Structures are given as structure tokens and as C-alpha cells.
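Chain IDs A, B, C, D and E follow the sequence of writing; residue 1 opens each chain.
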Amino acid sequence: MGFPWLTTLGAVPLIGSVMATLPRDSRVARRVALASALVAVVVLALAATRFRVGGPGFQLAERHSWIPQLGISYSLGLDGIGLTLVVLTVVLTPAVIAAGQAGRGYFALVLLLEAITIGVFAATDVFLFYVLFEVMLIPMYFLIGRYGGPRRAAAAMKFLLYSLFGGLLMLAAVIALGVRAGTSDLPALVEAVRQGTLRLDPVTGRVLFAGFFLAFAIKAPLWPLHSWLPGAVAESTPGGAVLLVAVLDKAGTFGMLRYCLPLFPEASRFFTPLVVVLSVIGIVYGALVAVGQAEITRLIAYTSLSHFGFITLGVFAMTTQSQAGAAFYMLSHGLSAAALFLLAGFLIKRHGSSRIADYGGVQRVAPVLAGTFLFAGLATLALPGLSGFVAEFLVLVGAFTTHPAAAVIAAGGVVLAAVYVLWLYQRTMTGHARPWTAEVRDLGAGERWAVAPLLALILVLGLYPKPVLDVIEPVVATTAQQGGISGGERP
Amino acid sequence: MLVVFAAGVLGVLVTTFAPREARHRGQLTWVIAGLAAALGCLVFVAVRGECTVTAAGSIVVDGPALFLQGAALVLAILAVLLIAGRGTEPPPPESLPLTMFAVGGLLLLPAANDLLTMFVAVEVLSLPLYLLCGLARVRATVAHEASLKYFVLGGFSAAFFVYGAAMVYGFAGSVAFPGIRAAVASGAHRPLLLIGMALLAVGLLFKIGAAPFHSWVPDVYQGAPTAVTGLLAAVTKIGAFGAFLRLFTVAFGGAERDWRPVLTGVAVLTMVLGVVIAVAQQDVKRMLGYSAVAHAGFMLLGVVAASRSGIAGTLFYLTVYGCGTLGAFALVTLVHDSGGETTRLASWAGLGRRSPVAAGIFAVLLLGLAGIPLTGGFVGKFAVFSAVLAGGGFAVVIVAALASAVAVFFYARVIVLMFFHEPRPDGAVIIRPGARVAVVIAVAGLVTVGAGVAPGPLLGLAGQAASFLR
Amino acid sequence: MNPANYLCLSAVLFGLGAAGVLLRRNVIVVLMCVELMLNAANLAFVVFSRMHGRLDGQVFAFFTMVVAAAEVVVGLAIVMAAFRDRRSSSIDDANLLKH
Amino acid sequence: MNPWLPIVVLGALAAGFATVSVVAGRFLGPHRTSGPGLDPYECGVQPGRSRPRRFPIRFYVTAMLFILLDVDIVFLYPWAVNSRAFGVFGLVEMGLFMVPVLVAYAYVWRRGGLEWD
Amino acid sequence: MTAAQLLARDPWWLVAGKAVAIFVLLLLITMFCVVYERKVVAFMQMRVGPDRVGPWGTLQSLADALKLALKEDITPKAADRVVFVLAPMIAGACAFLSMAVIPFGPEVTVFGHTTALQLTDLPVGVLFVLAAASTGVYGIVLAGWSSGSAYPLLGGLRSAAQVISYEIAMALSFVGVFLVAGSMSTSDIVQAQQRLWFGVLLAPSLLSYLVAMVGETNRAPFDLPEAEGELVGGFHTEYSSLKFATFMLAEYINMVTVSALASTLFLGGWRAPWPISLWDGANRGGWPALWLLGKVLLLLFVFIWLRGTLPRLRYDQFMALGWKGLIPFSLGWIVVVAVVKTLWGQDAGFVGAGAVVL
């Protein structure tokens, strides 16, 4: 079993979270928080050295009995996808902390969220996963409701209710699954499904699948369950939005890939057409609505809806290519959306308005801000050479083999992406300067340091995605094999 | 076993003398000592692990009885601390002895092995509570009214219980549970049995506060002094469910097919009604009252599951719920505005800004009641739901899950008010709690979190305790 | 000595009591109706006790009477307290606790 | 023969007598009733008040105390009759039973429940 | 053969005859009693008393009854008519009932039929007396309430409060008797006094019973319901004519009843008192009824004596005497009796112990 790397990784931000509440001065708190987030990065780096690329199953596994009466254990482990998303989480958190300027409670909550999210991605027990998946809501709820914009309370409530609604359905499914199988250990369950020892009749399987899927689809969010997202994003702080969209929502798509497909292969096949259609609608709808938005944050939120459509399409296109693409997409979108939100946040902070019409001509006075904003935007529209391109390409190619029509329409979404990103840039950064624009400061050192790693990663992954894909692919291949998916060729 | 009762009753007696001769403090010491001694005896009996039937067959000492008695004693200690620590002035001197009488009945209730003992225990539990509800120095009129309502409806339900007992006696020729069980197995005179069962159920459902017999709950919860409400909420549930479990699994176990659908319906109705009406409440205590109704529905699910795991789940749920709700009411006692204790939700706005720690604990307790993971409430729900699912009630669990989702709404609304709204100038503040109340709140918070993070021991205890001696 | 007659009587009494509790407005009357219900149950107990030729039914009736007495005492105490507040013992006047 | 039957006979006799005498009073006596004669009896006070509909509430206290002790007695009787059979056990039981009753009694006394005006 | 067994074989005519006999007896005693009372009080006050109607005024009560019957029967405007009429009927009828269980003597032969000189013998005879007395309270309360006037209402309530208060003391004083006799049947209790009257053995019980008896019947010095100075005429202020007479009748019959009960429970019942009991035939045949009558008359004299001697108590004094005096006293005495009886166990030993305690 060895050193409990994952527990340590989760414990570091947890301790940091407690410590961040101690100092009276919020700037000290921020430093404490940043330090612990960076420690987490170091721990992750050390842990990653123990990770054997292409190794079987879950690595760095830990396992302790938790609630023996219900056959529930505290077990953690990472496969390729999990590792990728943990990396995303751990990397984004310092950026968020570095960019944030709020009370000490804020930093504590961010770190708490980081800890829980790590747990979500590392959990290998269905019950544990469920618990963390739900608990994740609480700090996020407070992040939005406490530190957000004027209508934050309503937005937070909507977010919480949507998520809990799905979560409780999932709870019913989790319990039913546990009752049927007598265990909630993920590897054991998957093995049982593969061996055929856990045989669910189609109806039960589909109902349970629906229970899980709804929760994930709300979290992801999948059209038409997305209506909480724009409000939550718009009303939350930039940092909160980053964590929400870039990390938290990945739990949804991650869950689909990790739980829905291997546990309910038959039901997954049954629901595939529906999900694919919804994904495509989401892609187009998100993009179209994004074009029409008047607020920066809402616009970015709707772009994310579109992107999540790509991810679910990739997951449910049922080819190894598309699924690998989807997994890569999660990472890539996490980075680009985070960068975009942070930069938009910097901009909004300077003027206090998030209306697009209030801006214009920023690039003259704040070239670095404008440049990085453009860079992040281009990553979002999947410019070749940036990480988004690799992901989108893989998804579309994979999807084309099984659902050509869907792939073609989705490709239309790419075009729309270009429209909204560039138009946004044009309306805010170029053109006539508004009277106040002259006073806009360019990015400060701290702000630069917050975004720089993200942009660098986007670039690196766009040019040389192989290491990540190497990590992801074995998992996807296994999933495909378990789910009995007719494998496409390797990219 | 008798030792437990002797200790309990002795404690009661001693305290009855105390209000006159000794002062408040002495009385409190006696009460706590009595309860602790009873708890000690209980642990001793439990550790020896004997299950016996005593007192000429009218009292049975088995797992559920011991478990519930233990839970009841712990909660009683907390409730006594809360009642004693209320406000700046000491409570009316009768409060504590009355509490002890109620606790005496409560101890007897889950151990009752015939209808007569059960009935007497129910009454011994209820009568002091009726009075306690009316014992208020401030807002006495409202308290009296609550007391009156509680009494009238409580008496009404008791009449149902007795008439049901008469019918069952007519059916079985015995009021002892083993006798009834045997008669159910032989199965003549079914109509009498059904009528009797229905009436008994009505009587107990009243006490539990299940729909459609819940109408007293919000009124009484709101009107009674808050500390007493805490006791009421925590304790009546334990007692009534203890009785309910034993009655329906031991005595009427053979007629499961008859009562199960009906009780399932009641449980579903209770949950749905409770959460839906709770959403509309503007008063914290009323809101908690309706939430208590909803919780009664969830716990009933455990009864309906009619299995060992269902019983275990209910036992666990009861304990955790009792602690959580007691803590919540303890905190409500601390929220004051210029006119004293205030329970109007509107004046709670911004409490989280003014006193983050207390409001934070309140939030934790509320989340526990809402059943958010990593709290005891969640594990309780989980345990009950899994028992029901194991019995094949998928649809019921879905309804229950949806009801929980709605329930989160009104709990979260309070949190929204406390944390996300700016404090009003004339709004409420949380006063500094006395040591006793602080202990209550701390214990409640610890149990809520502890039972969520590490539910193993308690769940194990409940699981071990979950088999009735038949 | 047909037990059915007595049982019918007891059921009628119980029904009357229940109806009284639900329909009457005066608390004292309601209290009396509750007592009526309890006594209906007592009658049923005694009848069944004779039918089965066992004594425990009568014992139960005995205890019911005791409890009924205790209930009356508690009830009167509460009614008195409430009465002192508002000089009325009508249930309809008790409406402070509606929202 | 049922031992209660004679009581019924005697009761019927008594009730009949009471009825007859009450009814007879109506026919035997003269009827010269004037208005003031039918008013409530008062001495020196103008009968202006409406008739009291309810009992003064403090009498309920007496009623409650009566019920409590009566119930106590109800338990004492069977034991007293059969005390020989119960022996020492019965005595101790009854003592235990009496303790709460006495405590309650003492309580009422101390709280002024036994003061009348 | 026990009294109960004997009585169970009574033919219907015998039952009817006994009932009528008791009924008539009670009426006669009442009529006698009125004169008796007036005469005795008069002599105590150095007066002559009624002396116009009949020889030495002996028919005075008959004249009173006739006079009342011919008075106007008023039902006040404010009265609740039905209850107003019902109340005296309840009071009157209930008063008669208690006598049903009083044993007047042992076995007798009436027209060739062997029976006991007793209307009926219930295993719970004494309880029946208590129940009948309690029911009589309804007559008082309802009379007070239905009159529709303040004085009768208060008088009725006081009276009811008084009766039920003293009923507790009375009931407690019975416990000692039950403990010793081991039965609640009146005939058994008389049987148990063969060797020694309970009035001697359980003197404290007798004492508290006597006090309670006077309170229970609303007689002086406890006749507060009729406190003229305060409440005009008590619960029967508004009653007139034969309704009023019925209340008076009930009061006197109650006096007779409680006296008969006292004789039965404490004074050996129909057993002949000491000097006469030396004569073998004293406890056979019809004689015992005479002894009982004598004891009753003696007790009635006590009633009258008290009335002639003592001033009326104040209400609070009176209630305090009942609640704070008699009840604790009775309870304490019960404890003594119970402990002694249980420890000694046997009657012989108990008699000695009782004497020691005394």
C-alpha cells in the first residue's frame, strides 16, 4: 500500500483551509492559503513520480474500512483520467488564490473545495464518491452565496437545489446498486459487471443509470439541465467561477466516464442516442446564446455549456478516440476557461461592470491584459497549436465514425465559437476607447503570475499532447473493453 | 434492568422534593446525577448483554429497548441542561421534575411488552410534556395555547390508542405482545385485528406527528418555550418510534401484509406534506416543526422496511435526529432581538455576519437535518433508504429522495438568510450562551458531524441492537 | 348478555366522543368527549374480558380510568392557565398560533 | 339472581317517589306567581347581573385534587382487601406507590394548593 | 351459608318486600328525625320544641310535609328548566340507594323462606355506598347551577367541594377496615367484628369517619352550603314546595345512611352491644335490626348534639381541616395498620398490637 499519497494530497489543503481562517489579516490568510496550495502542488508532483504510465487499474491505492455495516470503505486510487483531473485541480487552485482578493473565509473555502475535489477524482468507492460529490456543493454554495454579486443568494440557492436534486436521485441509485451488489467498491463492481456476476435486468439497469446520469448531467451541465449555470457563474467571483466551471463541473463528465459507462454498459448503449442528441443541441445552443450575451461572464458561461456538449459527445460517442478526446478536453477546457474567467475577472474588477457594452479599446492602455485575453480566447475556440484543438479534433474524429451527423453539426459549433470569441474581443478590447478606459491599469505582477502558468500549459499541451494522452489512453481502452465498445483506431 | 427504572424513578422522586427545599442548582445536580446513574446502569446491563423479560412479562429488555433508552438518556441530559440553562432567569421550578417524569415514561416505552404498559408509558411520557409546553414565563399566552392544543389532540390520540388496544384485546384475548403475536399467527377474527391495528397506529402516528395527524406539531413547536420544544422534538420521536417498532414488528409482525401498504402511504404523505409546507414557513420554530413532520416520514420508512436493517436504520436516524434537532432548538434560544427571543425568519438576516461561529454551527446542524453527506443525517437517511431498497421499494425511495431535495431548500434558505444577507439594524443577534447551553450545542454539533464522518460505531451499535426479543 | 350489543354501544359512544372532539368548541366539552371515548374503550375492554373469560381486560380498564383521571387533571390545569389569559375556554379563540 | 337487581328495584322505587313528589308539587300548590317572584333571589342587591354560565375556575383545583386522591384510593382498596395474600411484598409495593402520591400531596400543600378563601 | 348465597336465592316477592320495607323505613326515620332533631335541640336550649301537632308534637313533620306540598312551586325565570327539575330527583333517589347494602341482621325466616335481613350483598358493598354518595353530589351541583342565580351556584359548588373533600377522608378511613376485615362486603365486615368492634380496634379510623361523615352530609358545624349569612340558603335557595322537601328528605336520609354505615363498619353492625350480647338470643331472628336501629339513633343524636353545640366553621377552616388534617391523619393511620398487620400477620397478634398502639 505504501505511503498514503492521496490522503496526504487531500490533507494538505484541508489543513491549509483551517490555517487560513486563523490569521486576522486577510492578506496573511491569502499567503498561508497560497503556500498550502503550492505545497499541494509539490506533493502531487512527488506522487506523480510514483505513477506508472500505462499501469493497470488504480494506482497509489489506499483502502481503509469506513462503515463496515454497510460494506463501505474509504478507498482512494488514481487512474490516468483521475490523475489528469487532479493535476488540473491542484494547478488551478494556486492560480485562483493568487487572483483572489476576498476575506479569509474565502481562501479557506477554496482550499476546502480543492481537498474535496481531489477526493472526488480519487475516490474508488461509489459511496465515498457520492459523499464527496455532494459535499463539494457546500463550499461552492458558500463561495457563491457569500462572496458573489448582488443576486448571489438566489443564484447560490438555484445551484444548490439543482445539484442536490440530481444528487439525491443518484443517492437512490447508489443505494440500490450497493444493495444489489453488496459492495460499493468500484473495482469490485466493475469486475462483477464484466464477469457477469452482477447482472441487472435492463429496466433496473436503465433506472440506475438514469439516477447516476441525471446527477452528472446536471453537474456537467448538459442541455437542458444547465439553467443554473449562467446565474451561478455570473454572480460568483472570478475565482469561484473558475473552480465551478473548470473543476467542479468536470466531476459530472468525469462521473459519466468513470461510473455510468463501466457500471451500466447496456443502459449506456440504450441511452447513447439521447445523450448524443442532447450534447449536440447543447453545443449549438450554448454557442448561439453565447453570441447574444451582453455580459462577459454570462458569455463565457454559455461557451462552457457548448464545450461540455463536446465532452459528453465525446464520452458517449463510444469510441476510444472520442473518449480520449473527451478526457483531454476536460483538462484543456479547464485550463482555458480558467484563464478566460480570471482575465475577465481582472477586467471587470477594474471597472466594476461586466457589461460588454461598457468596454472598448482596452488593448491600447492594457496590452498585456488584452493579449492574454485573446490568447485564452483562441484556446477556447480551439485554434490549432493550442490544447483545445487537440481535444476537439479527437472528439470530432471519434464521433464521426459512430455518429457522423452529430459530428458534422458539432463542427458547426466550432465556427460559432470563432464568432463569439472574436466578437467579444473586438467589442471589448479594440475600437473606440471609452472615457474611463484610459485609467485601466495593465496586469500587475501577481495577476500575471496567476495566469501565466495556465497559458503556458495550454500552449505546451497544444503542441505536445502526447504525455497526457499516454496517461489517458490505457484507461479509455479499458473502459471501452469493459463496456464492450467497438474500439475505433488509436489516434 | 430494574435498576435502570429504579434509578430513573428515584431520580424523579428526589427531584420532586428538590424544588422546594433546595434551589435550582441543587435540583439540576440531582437530575443530572439521576440520569447519569440510570445511564450507568443501562450500560452495565447492556454490556452484560442479557435479554430478558421481567416484571411479569410486561417489560422486555432487548437490543432496541436498551439502545433507545440509552439514546433517550443522553438526549434527556442534554435537554435538561438546555432547559436549566434557559435565559437569565431560572425556569419554573416544576420544569425539571416534569422533565424527569417524562423521561421515566420514555424509558419505559420502548421496553413495554404489552399494550397496557405501553399505554401507561405513553401517558407518563405525554402528560408532563403537555404541562411543560405551557410552563413559560415569557409569552405565556402563546405557550398556554400550545399546551392546550397539544393536550386536546394528545388526549384524542390516546383515546384512539386505548380503543385500538381494546379491539386488539378482543381479537387476541391478551394484551401481551407474545399473545397477540400468537393470535395473529392463528388468524381468526381479522376485522377486529384490522380495526385495532388501525386505531393503535392512529394513536401512535399522532405522537409521531405523521400526516395526516401532524396538525399539532407546528403549533406546539412554535408556541412552547423553545427549550421544551427541543425536548419535545427529540424525545417524543424516540419514544413513539420505540413503541411503534415494537408494536408492529413484534406484535403485528405476522400481519405485515396488512399494515405495510398503509404505513408506506402514510410515510410518503408525511414526507411530502412536511417538506412542502415547511417551505412556506416564516418562523424558524414552525419550519423546524414541519421538518420534524417530514423526518417522521423518513423514519417511518425504516419501520415500513420491516427488516433488521430497517430497524437499525431507524434507531440510528432517531439518535442523530434527536441530537440535531435538540441542538438546533438550543441555538434558537440564543437568537434574540430587542423583544427577547425571536423566531421570525425575517429578523434572522445577517446573523452569520454578526456571529459567524454560532451561525456556522447552526448551519452545520441544519445541513445535518437536511441530510447532506458527512453529517449524521445523511447516514441515517442512507441507512433507512438502503433498508427500503433492499425490500424493493424503489419508487418510495425516489419520492423520499425528492422530498429530501425539497427539504434542503428550506434549510438552505435559513443559511442564505444568515450568511448571504446583510444584517439589519434592528435584526437579531446571537447572545452569548451559558456554559450549559454551550455544552448542548457543542455535543449536538459533534454528534451530527461525528455520526456523519465516522458512523461506524453508532451504526454498529444500532445494528447489534436491532433484533427484538419476541 | 349478547356481547355484540355492548360492543355496538361502545362503538357508538366512541364515535360520539370523536365527533364531539372534532365538532364542539368548548375545551371542557372537548375534554369530556375525550373521556367519553376512553370510557367507550373501557366498555369494550370489559366486554371482551368477559368474552375471553380473562381478567386482564378489566385491569386495563382500571388503568385507563386512572390515566383518564390524570388526563383530566392535567387538562383542567392547562385549561385554567389558558383561561386566566383570555377569559374564555372556546377553542375558536385559540388562534394565536396560526402563522 | 343477580345481586344488583334488588338495588334496581329500590332505585326504581326511590326514583318513582322522587318523581311523584316533584311532579305533585306542581299540582298541589297554588299558582299566583308574580313577576318579581320569578327573578333570581337577591337580598338588597338589584338583580342586574346576567346569570353566571360557568363555574368559578378555582373550584377546578378542588376537583383535580379530588380526582388524584380518589385514584390513589382506588388502588388502595384492592390491596387492602387482599393484603393478606400479598404479604410483605404487597406492603413494600404499596409503600413505593404511596411515595409519589405523598410527594405530590406535599408539593400541593407547599405550593398553596390547599388554601381556600 | 353466606349472606350473599342466601340472598341470591331470594324470590322476587321477597326482594320487592324488602325494598319496600327499607323505603318505608327510611321515610319513617326521616319523619321521626325531623321531630327528634327539633326536640333535642329545643331541650338543649331549654325550650320545649314543637308541641302542637299530635301528642307532644310528634306529627310535626307530617304537618311540615303537607305544608310544603301545598306551597307554590316556583321555577325562576333564569333557571334551566329541565335540570332544575332533575336535580332534586337525583338527590332524592340517590340518597335511598345506599341502604340497600346495609345488613340489618343475620338469617331470618320470612314466610317459610330463609334469607338474610339485608336487601342485597355486594362483594364491593362499601364502594357502592361511596358511589351512591358521589352521585348524590350531582343533585347538589346541578341544583346550584340550574337555578340561574349567583348564590345557589356558589352554594352548590361549595357543597360539592365539601362533599368530595370529605369523601376522600371517608374513603381513606375505610381502608383500615378493609385491611383487617379482608373484604369490602358489608356482611363480611359485620361478620369480622364478632370478637371485637372495629370501632375499638381502629379507633382512629372511626374518629376520622365520624368527622368525615358530618362533613359529607353538610351538617353543622359543617353546614356551609346553607350558611345563611353568606349564601342565603345555599344550593336550594331557589327551590320551593316539594322540590325543596325532596332536598330536605335527601339530607336526612343521608344522615341515616352514613350512620348506618358507621354502625356497620365500626360498631358491630347488627350485633348486640356488650351487656345485651350476653343473652344468647340477642343476635338471632329480628332482634339485631333493633340493635342496629338503636345505634343509628345514637349516631343521629350525635349529629343533633353537634348542631346544638358547635358554631359553624369558616369555609377555609373547614377545607383545611379536611385536606390538611383528616387526610394526612388517615394516611398515617393506614400505614400503621398495614405495617402492623403485615408484620404480625395473625389476627390475635394484631389485636394486641392494635391495643399497644392505642
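Here, a residue touches a chain if its C-beta (ideal position, glycine included) is under 8 Å from a C-beta of that chain, and two chains touch if they have at least 3 such contacts.
Here is each chain with its UniProt name: A = NADH-quinone oxidoreductase subunit M; B = NADH-quinone oxidoreductase subunit N; C = NADH-quinone oxidoreductase subunit K; D = NADH-quinone oxidoreductase subunit.
Here the structure is a predicted model, which means the values were calculated and not measured.
S.K.: List every chain that touches both subunit D and subunit E.
M.R.: none
S.K.: Report the most central chain, judged by the distance from each chain's C-alpha mean to the global C-alpha mean.
M.R.: Ranked by how close its C-alpha centre lies to the overall one, first comes B.
S.K.: Looking at C-alpha means, what's the farthest chain from subunit B?
M.R.: Farthest by centroid: E.
S.K.: Taking each chain's centre as the mean of its Cα atoms, which chain lies farthest from subunit C?
M.R.: Checked the centroid distances; the maximum from subunit C is A.
S.K.: Rounded to a whole Å, what is the gap between the Cα centroids of subunit A and subunit B?
M.R.: Centre-to-centre distance between subunit A and subunit B: 42 Å.
S.K.: Using mean C-alpha positions as chain centres, tell me how far subunit B is from subunit E in Å, no decimals.
M.R.: 53
S.K.: CA centre of subunit A versus CA centre of subunit E: separation in Å?
M.R.: 95
S.K.: Between subunit C and subunit D, what is the gap in Å from one C-alpha centre to the other?
M.R.: That gives a centre separation of 19 Å.
S.K.: Going by the touch rule set out above, which residues of subunit A reach two or more other chains?
M.R.: Subunit A, residues with two or more chain partners: not present.
S.K.: So in the complex, the part of subunit D that touches subunit E is made up of which residues?
M.R.: 1, 3-7, 9-11, 13-15, 17-19, 21-22, 24-26, 28-33, 37-43, 49, 51-52, 55-56, 59, 62-63, 65-66, 69-70, 73, 76-77, 80-84, 87-88, 90-91, 94-95, 98, 102, 105, 109, 114-117
S.K.: Provide the residue numbers of subunit D that touch subunit C in the complex, in ascending order.
M.R.: Residues 54, 57, 60-61, 63-64, 67-68, 70-71, 74-75 of subunit D touch subunit C in their complex.
S.K.: Note which residues of subunit B are touching subunit A in the complex, please.
M.R.: Where subunit B meets subunit A, its residues are 312, 356, 367, 372-374, 378-379, 381-383, 385-386, 389-390, 394, 397-398, 400-402, 404-405, 408-409, 412-413, 415-416, 419-421, 454-456, 459-460, 463.
S.K.: Can you list the residues on subunit C that touch subunit D in the complex?
M.R.: 62, 65-66, 69-70, 72-73, 76-77, 79-80, 83-84, 89
S.K.: Quick check: in the complex, which residue numbers of subunit A touch subunit B?
M.R.: For subunit A paired with subunit B, touching residues are 65-70, 105, 130-132, 134-135, 137-138, 141-142, 145-146, 152-153, 156-157, 160-161, 164-165, 167-169, 171-172, 175-176, 178-179, 207.
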